[in-house]
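Here the chain labels run A, B and C in written order, and each chain numbers its own residues starting at 1.
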Amino acid sequence: MFVPYLLDGWIVATLVALASGFAGFFVVLRRESFAAHALPMAAFPGAAAAVLFGVAQIYGLVAAALLGVGLLLWLKRGQRNDAATALALVALLALGALFLSLSGRYADAVYALLFGQVFAVGPGDIAPAVALGVLVPLAVLAGFRPLLLSALAPELASVRGANCGWVDALFLLLLALAAALALPVTGALLVFSLMTGPAGAACVLLRSPKAALALSVGLALALIWSALALSYATGWPAGFFTGALAAVLYLAARMWRRARRARPSPGWA
Amino acid sequence: MSMALEVSGLTVRLGGREVLRDVGFALAPGAFCGLIGANGSGKTTLLRTILGFETAAAGRVTRDGAVGYVPQKLELAPDMPVRARDLVALGLDGQRFGFSFPSARRRRVVAEMLEAVDLLGFADQRVGELSGGQLQRVLIAHALVSKPKLLLLDEPLANLDLRAAAEIVALLKRVAGQGVSVLISAHDMNPLLGAMHQLVYLANGRAASGRTEQVVRTEVLSELYGYHIDVIRVHGRILVVAGDGHVHAHDHEHVATIP
Amino acid sequence: MFEGFWTSQVVWNALLIGGAAAVLSGCIGVFTVLRGQSFAGHALADVSSAGGALSLLLGINPMLGFFGLGLLGALGLSGRRQGDGDLAAGILLGAGLGLTALLLHFAISLRNSTGAAAVVMFGSLFSAPPGAGALALGSALAGVVLLGVIHRPLLLSSLDAGLAAVRGVNIRLVAGVFLVLLALAVTLSAMAVGAILSTALLIGPAAAALRLTRRPGLACALAAGLGVFCAWGGVALAYASYGFTPGRVWPVSFFIVALVFCTYAAASLRRA
């Protein structure tokens, strides 16, 4: 399981979990499920274009995800129109399908980009992964207070002198980078699970923001490591375990909290 | 002496309607001012314009020094992993980028602030699970912890029971005594009567303002409300109650005294 | 470019499926948009992808798989109130997509169908099973007829649920039947353009039509017409694309989605 040629996969997956745990925490807190759903979709054609033109995937992913941020900010400025937004996302996916089919690697690349293929990671992917896997967590920590306050109440943040527009853009940018990093590992369709499952569970379980952030990262690491180990042991795709474990984690956390609430508190006994 | 807040000739339009027209008043440092008006009279709009959230069509707002704000409503998901103490701490430096480390001084300042609003017992509760009045008090603590020069509160008493309202007013009075100018909106002025020096009354987009003892008089209030208003003294305190519906002309000395 | 277009069995099959999907999805889509259930349509598509994968694995007609899981999804949706930004719904959908990943993996490795993922997720009209055209047409007609039967109470309950209840409409029944119809529309669209692109046929023509007219009946007809235009135009363009890049056909789904997108963009320009 830890043989050298798989080691790269483990390293990249770990960095992915770090970035996703940090970004996912604020996805849950800021109720940005939609962005977490949309940005991986936006990154998809970038990866496909990278396959078509034979450049390293991460560049295509980052470029397309950044374009996706631009698109989201533009859609946010006008009152968001659900139909237009959904169509734009689907059009991006179709564009990715076109690129893949032109590349001649349609069949296997579609599966890899939609559902992930962690053990296809090569040594060349390590450097950009380290860069993003360190940058995203550091940036989230540096922006922790404005991100948190504007998640609670944008007006309170503005009164305190924060520029909410910039904070929003910063958050989307970090989310895009984390999504671009995670896409080859979990696939475009399951980035959302990796980001929100652990973070959602952590927010349900803990009350302190910093503790919940730490737990979110810890759970993301545990999630991706278990998914890889199970995938290695069974030969089944890691994407399946990522999606299933994320749901189990979140539901278990919810049930645990409900059970604890239902119990009469000792003060009243 | 420079004013903590000066508003002059302020006109604000929202959705094509003129919500405020030619509003002007000023607050001296340490002033405790009530912003009184019926639902929809433009209290929130005036406060938001002072904060710069709405742009004025005409007129100007001059502020001196830092400002704290307690919004009228705040919707929070119950699952937010944010405790009362975290929200208060964000009032200290919630806008700052950079890494923050836990410090004993911060903890103490936050605890003192929570103590001042009588919420120390709820410091570790999630903000989404506080009652309306508790959340109101946490928001006041959030606004006060950075020691602003001007404090704007939008209907902070609306969710409070009588006693909690009286305690908050007492707290705000102390705050004003320390030199902070307080502008507090309310549709009912009674809880504020013992504390406020000055009053801005909003109706039909226009404002009337003056010192409390000038405005809180039967003939002035009846004129403002377009409805007969009695000003009553009870145990040395003043109360304002709606009368029987007619504006009595020349109803001058109507201040009843109940021993 | 188009030689052999009209005589090809494969093309006729594609035209039939695409047309059937476009007609039903257009009509159902109008109500989906009116009822603000775009998210439900999207969720059903994600869930039904597992059915598509399952049918490839079992070697049965993909329509059965898409529809079976779509129904299951509809059952799940009818049980709860749905909201757009709902975290829990997203995470559960993620589990469904994980299941799709697993089933596709089995289909690829056990049945040696390397293109399984592309077929289920992005569709492939030109490789649909020969009998699928007739089946699609039949079910689309049945769907349109059923929609015709319930369209009055459906419209009433979409516009004002309270009023509908007062008038004696069984809102739960109407909503349930509508979800089944939605699952059928998603199934046909998934057959035509693939599960994750099916939203395009469902929402695009309907939203475009609703920009041009507010009358529901007219909007349905218009949406069906626009949808058929996009579907058939897509098939024709894909057929012609054999000449763009010699030896390689561009995906039909890409052309259909691109046409839908342009149609919607044009419709929104007209009103703006």
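For this structure, a couple of remarks:
Everything that follows uses one rule, which is that a contact is a pair of C-beta atoms (placed from the backbone, for glycine too) under 8 Å apart; a residue touches a chain by one contact, two chains touch by 3 or more.
Please read these numbers as outputs of a predicted model, since none were measured by experiment.
Farthest from subunit A, judged by the mean position of CA atoms in each chain, is B. Relative to the centroid of every protein C-alpha atom shown, the closest chain centre, again from C-alpha atoms, is found for A.
Inter-chain spacing, taken between the CA centroids of subunit A and subunit C, is 27 Å.
Centre-to-centre, using mean CA coordinates, subunit B is 54 Å away from subunit C. Annotation: 42 Å between the Cα-based centres of subunit A and subunit B. In subunit A, 31 are the positions where the chain touches two or more neighbouring chains simultaneously. Interface of subunit B with subunit A (complex): residues 51-53, 67-69, 71, 74, 76-77, 79-83, 86-87, 90-91, 93-100, 124-127, 142, 146.
Those residues of subunit A that touch subunit B in the complex are listed here as 29, 31, 141-146, 148-149, 151-153, 155-162, 202-204, 206-209, 211-212.
Per the touch definition, subunit A reaches subunit C in the complex via residues 28, 31, 33-34, 36-37, 82-84, 86-88, 90-91, 93-95, 97-98, 100-102, 104, 106-108, 110-111, 114-116, 187, 189-190, 192-193, 196-197, 200, 236-237, 239-244, 246-247, 250, 254. Residues 33, 36, 38-39, 42, 46, 84-88, 90-92, 94-102, 104-105, 108, 114-118, 121-122, 193-194, 196-197, 199-200, 203-204, 206-207, 245, 248, 250-251, 253-254, 257-258, 260-261, 264, 268 of subunit C touch subunit A in their complex.
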